[in-house]
Amino acid sequence: MIGATHARRAASGHAALPNRERLRKVVTTAASYQSGGLAIALLLLCLFFALASRQFLSVSNLTVVLLQVAPVGLIAIPAAMLLLAGYIDLSVGAVAWLCSAVFGILVVDHGLGPLPAAVTALLVGGVWGLLNGVLTTRLNASPIVVTLAGFAAARGIGDALTGKVTRFGFGPGLGWFGNGHILGLPVPACLFLVVLVVGLYLWYSTPVGRHLAATGADRESARAVGVAVRGLPFWAYTATGVMAGLAGLVIVAQLDASTVSIGTGIEVQVLTAILLGGVSFQGGRGSLWGVLFGVLFVGILTNGLVLLNVGPFYVDVAVGGVLFVVALMDVAYQRLEKVPVAAATAEAAPSRNGAVA
Amino acid sequence: MNANRPPILQLDRVSKRYGPVTALCDVSLTLHAGEVLGLIGDNGAGKSTLAGVISGTHRPDTGTVRVDGRECHFRNPAEARKVGIETVFQNLALIPTLSIADNVYLGRELYRGGPAGRPLHLLDKRGMRTAAAAGFARLGVTLPPLTTKAAALSGGQRQSVSIGRAVMWGSHIVVMDEPTAALGVEQTELVLSLIERLKSHDVGVILISHNMDHVLRVADRVAVMRRGRKVADVPLDGRVDGTHLVGLITGAIEESRR
Amino acid sequence: STGETVANGNSKTVAFGHPASSSSIYPLLVQGAQEEADRRGYDLLTSSANMDAGAQVDELNTWISQRIAGVIVAPVDTAGMAPIVQKAKTNDVRFLAYAAKSVPGADGSVIFANREGGELVGAAAGEWVNAQLGGRAKVALLTDYDQETGKDRIDGAVEALRAAAPDIEVVATQEGLFADETLPIFQSMLQAHPDINVVFCMADDGCVGAEKAFLQTNPSEERKRLMYMAGWDGTLPVLEQIATGSSVIRATAVLDLVAIGRASIAATVDAVEGGGDTEVVIPYELVGESNPQRAQEFVNTYDAILAAR
Amino acid sequence: MIGATHARRAASGHAALPNRERLRKVVTTAASYQSGGLAIALLLLCLFFALASRQFLSVSNLTVVLLQVAPVGLIAIPAAMLLLAGYIDLSVGAVAWLCSAVFGILVVDHGLGPLPAAVTALLVGGVWGLLNGVLTTRLNASPIVVTLAGFAAARGIGDALTGKVTRFGFGPGLGWFGNGHILGLPVPACLFLVVLVVGLYLWYSTPVGRHLAATGADRESARAVGVAVRGLPFWAYTATGVMAGLAGLVIVAQLDASTVSIGTGIEVQVLTAILLGGVSFQGGRGSLWGVLFGVLFVGILTNGLVLLNVGPFYVDVAVGGVLFVVALMDVAYQRLEKVPVAAATAEAAPSRNGAVA
Amino acid sequence: MNANRPPILQLDRVSKRYGPVTALCDVSLTLHAGEVLGLIGDNGAGKSTLAGVISGTHRPDTGTVRVDGRECHFRNPAEARKVGIETVFQNLALIPTLSIADNVYLGRELYRGGPAGRPLHLLDKRGMRTAAAAGFARLGVTLPPLTTKAAALSGGQRQSVSIGRAVMWGSHIVVMDEPTAALGVEQTELVLSLIERLKSHDVGVILISHNMDHVLRVADRVAVMRRGRKVADVPLDGRVDGTHLVGLITGAIEESRR
């Protein structure tokens, strides 16, 4: 029987080291929900800030952190799915601005109500994402070039539409959307949590996650076993577009203003969070929990450095230093993990030998 | 075999070119339920390309594929799977980063029971692991624990996974592209017996192999490819032996039959 | 009109090299510049350098090699202009500096009294601190060290504030220019120092973000009464808030953008054609709680221009 | 004999279509030196600008274009090699600023001569690149995270060293380096040409190019046949660091000032040029000629839009639109090329059958 | 063979674990010049891991490798190549984006003549194409044009390239991991004859195969792996037949010999 010897051998290796195995199992399980050393780095970061600033762990500050990470977090969830499948979207910041611009114009210049204007704006984001999806997954255009084009074009269209003039004064309804609370949580943070839960559900509880990973790891093999290697990234692009629009509207709602600088550099923050979270740049591997940690890491780092009033010259040095530490923790973690990865193969019940059919 | 029943698979004058290279030229082929068709030929003769046409990875330039008499134009392998065609690809088509169990169920995951399971597409991960383990056990295929990543398997273990997957799912037609290439002696025996079992379940099997002994042992009929053409199609009625088949492959013996 | 020749023998085109094309003050500047260029019969080129020093140099090189008549430049970096000025001279292109104190060899300049503008705001804030808080206040600064303008405005303001109220304390300084940058920064600042009383934002845009961050904390009327935000430029949202008088943004030092645009091109054309004043200093005008009607006047003018576009 | 039948068949297929084959050969050869539809897009772009602006084709303007592309081009050559091998460097802009800052401080604050100061600055760049190389190729740290750390840290260190105060007045020697001419060509353009020639030599005439491509395509297989899968990217990182420093010094020389905005966003321009040039994001495929076209494309587009005085609102729209066109040309080109790729297999002389040994 | 001469390859108590899986356990092995050693065993028995240790892709946890009596600690396959060890890897180790010719010379390119050629590392592309073509011709391996990318080859063609490469370069020791797995009948014959030719040139060959016929035909001695251990090492002196070997593989026959 194929591999019977193997199963026996593996089982005996297992039996010999029950305690080490249990430890490994813990490490391995932890590993599958975080990525590299990031969760530990995040903990250390929190510990440091908590010691250095009395305010850091206050409820009100943690609420502010949640509020602050919402825009990046909203986009990072679908964008992480894209990257998992080996695609990328560099246009998210520009699309966020375009949607904000459309919203501002519709409400202020055309007197549309905030709700229909918001729906239209999200539609614009969705259509832009859909276009990215068509070009890349259907026509096989380069994701980089296409979304770089969007990076320039969407911002330019927004600028041209608005004449770069800020629109403001959207009224209290929108204000609630940006600054209101539900059960003590800021509304944008609630939105992020909802999107996160949907993302976790898709990623871990439905076939979507593994299909995206398979697409990113080996497109041809994934296609051969019936994975929708075009459809999934297509929808992920569309969702990313909608989420970029939503992130833009969240910022507009908080500022009560639709202003040209919205979305600038958000694509870099999104990518940083995702990649910190351990999603492979080449696709195929990654954890959405890791992405959540990445989003929080970026948000907490920014927040903490302001809390400590780190001088403007040193903020970048601190950010860089922390990222180096994350990279090195990841290295250390890989070494630690090497053993556990193989160990994971031993702990599940070996399949029994059946009678030869 | 059931030659009096209509064929379950029918290829009619299928051609496929890669630029100036004609990988397939006017190939016609039939397969009946419960029949094992050996597909043999030199390296580069076009066997894998033909398998790809049947399993939906390659689209033929011209010619038609009929399954159960209905013309099929597979746009992707998922569509071929839907009409009951399972394939063991020469490259195995395993995702190295996924576990064995995940690979087996990739593209046709099991959902949890309960009212929410199917509508919400909730994966039944434990169920898939158990069912995959049971499936391999039933087939007699033994493997490292099914949570092992495909990347950590030996060459033969990978092939066993790929075969097990196809056999587990194959209810109608199973295409196997050199399934025993990396297998040990015992494992090879197992695969040959699996093919016989598929046959007894009225599944049609296309077996691509370079091993004439294996073909002679399990195939009912042999189609020979040479330079992209089908040059022979002979029933294995005892009068055909390995030397004859090798002659057909190399062109030392010329014979053409539909 | 590009074929015509002017005093220096180059084409009848002038360029307005203001690199902050993403800023919301930009359309108003260009409005004034365009008006003046039209009035004097010149074509106008505008910038797309977007605060990038390298891109600005590239752009200037391109213009100069086109042999336009003159260019007025807001250098992303002042010191870097020397070779460009040299190149302009050899190509007989008039080169004027905009918003920069000194570009050696330039044919003229339009500069702002940034330091004085800073002191204007600082003094007003000092008065308020003395009246409302008895001379004690916690101060937060949102600025941009990459720009000399920012240094001058903020330094001037802090100095004047300290002169009026020596007991103030600067508790937080961060870089942030635009509203969506200052929003999260000020959110965090308020966590560390919930009792900040004075906020100086190097640009009015930043005031909008800081104000919203402050309002997110649901401050009481009393708390609002003890908050003083001020900025520079005089952008529409800020002017409107000052005009209605209901906001914690209590002052801004206004640069009349349309007038500046006009003055810039006027000086440039003067330099091209010879004569006129090519060394222009633009003063700031303090608009605040004491003169909300002045804010309303600016709002009306700007609204009219933007509506006409 | 293995594959004898195949060779015969292929040869006959070839003989049947001599003219089409010749056409294909031309297309294929062209394809190997450009990438996708970029060369054609570049030609069309030049044509358009030449028609739209009298100045575009003037010698003085083309000289300006060469001058303008030099900094991006200098970095793009080694960075393209990195990407070919599957690595990335996001820290180049920050390193360019750090080197400029070091140079400025050494000359202005410490009175060092420009030459030793420049050498020190380049050394700093080289050491930073070397560090990137050690972390990524030796310790297997994530290239993205490490160089993102550098992106923040190098800029921060530069800011902290200079206090963001511009250093200027470096004298005529440095001025020549930025604004001087050699045989009518601006000195920075000459530097770029030298680096380009060295790059082309390494990429096409020595084993370096194919070894990098092999590393990017399949690291394990490349290692198995003896390719220095660590050494090559390591040196490419080091070279990228030095070139980033050189690009920074070129800008300093042009400005006669070392100022904080140096290098901002240059990593995006470099990546745009490389990816437009058709180097695969995942590594393994790419042409350095394509990268050259990419660099020129970005430079000419910027220059032409300024020449035409495209309003600031529309520059981004125009850039985006052009990039979309490039993406679509690439799609069209892929379809055209599909046949030629296989054709390439038929045109070389088939190996003869030897006697069985 | 030349048992009185010192062995060219000597493994001493080599072990290798992947976490809890012991892929190799105290394996010792010798190979003499002009000897063909068959290495057989079940799927997952550790054959490829052993080959990896010899060819420098895997570093053993414990144990030593000696080539010509000198202890070697290969840090990478390039070092193994330098002492004359060539390998046909089970995964073939071809770069899909490079042409056949480029793959053959990857890592040991030819340089142009003339004074500048070698110092400047100028590739002799035409020379490599010609030499590779001549090499394959000399071996009798026929392939599509050598400018074809490896990605466009059939499974067997790829294997032929990999074998051809190893044989062309192999001057001392050649390790072949299931070289005939994807090969046609004629091509397999060719490879077996190539092995004999290597042997006659005093090259030591390690042949990993699941095909007992092939092993029996060309090997002088057979080492049997089971669960990571070498369980038998028997000379093929005519008394050993396929059934015996299969018995050793499965453990039906127990024998242990150094």
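For reference, chains read A, B, C, D and E in written order, and residue numbers begin at 1 within each chain.
Heads up, the rule we're going with is that a residue touches a chain if its C-beta (ideal position, glycine included) is under 8 Å from a C-beta of that chain, and two chains touch if they have at least 3 such contacts.
If you want to know which protein each chain is, UniProt gives these names: A, D = Monosaccharide ABC transporter membrane protein (CUT2 family); B, E = Monosaccharide ABC transporter ATP-binding protein (CUT2 family).
Being a predicted model, the structure only gives us computed values, none of them experimental.
When you check each chain against subunit B and subunit D, which touch both of them?
Chains touching both subunit B and subunit D: A, E.
Compute the centre of every chain as the mean of its C-alpha atoms, then state which one is farthest from the centre of subunit A.
Between subunit A and the rest, the longest centre separation is with E.
So which one's got more C-beta contacts, A-B or A-C?
A-B
Return the chain whose centre of C-alpha atoms lies at maximal distance from the corresponding centre of subunit B.
Result for max centroid distance from subunit B is chain C.
Cα centroid separation between subunit B and subunit C, in whole Å?
Each chain's C-alpha centroid was found; their separation is 73 Å.
For subunit C versus subunit D, what separation do you get between their C-alpha means, in angstrom?
38
Spell out, as numbers or ranges, the residues of subunit C touching 2 or more other chains.
Only 21, 26, 145 qualify.
What positions in subunit A touch 2 or more of the other chains?
2-3, 6, 10, 159, 163-164, 312-313, 315, 341-342, 345-346
If you look at subunit B, which of its residues touch at least two other chains?
Subunit B, residues with two or more chain partners: 18, 21, 42-45, 91, 144, 152, 156-157, 160, 183-184, 186-187.
Provide the residue numbers of subunit B that touch subunit A in the complex, in ascending order.
Residues 55, 57, 76-78, 81, 87, 89, 91-98, 102-103, 106-109, 120-123, 129, 132-133, 136-149, 152, 156-157, 160, 183-184, 186-187, 190, 193-194, 197.
Enumerate the contact residues on subunit D facing subunit A in the complex.
Touching subunit A: residues 36, 86, 88, 135, 139-146, 148-157, 159-160, 163-164, 272, 275-276, 281-282, 312-324, 326-328, 330-331, 334 of subunit D.
Provide the residue numbers of subunit D that touch subunit E in the complex, in ascending order.
1-4, 6-7, 10, 201, 205-207, 210-211, 213-214, 217-218, 220-228, 284-285, 341-342, 344-357
Per the contact definition, I'd like the list of subunit C residues that touch subunit D in the complex.
Listed in rising order, the residues are 21, 26, 45-48, 50-55, 57-59, 61-63, 65-66, 76-83, 86-87, 145-146.
Give the list of subunit D residues in touch with subunit C in this complex.
For subunit D paired with subunit C, touching residues are 55, 58, 60-61, 63-64, 67-68, 71, 164, 166-169, 175, 178-179, 251, 254-257, 259-262, 264-266, 302-303, 305-307, 309-312, 315.
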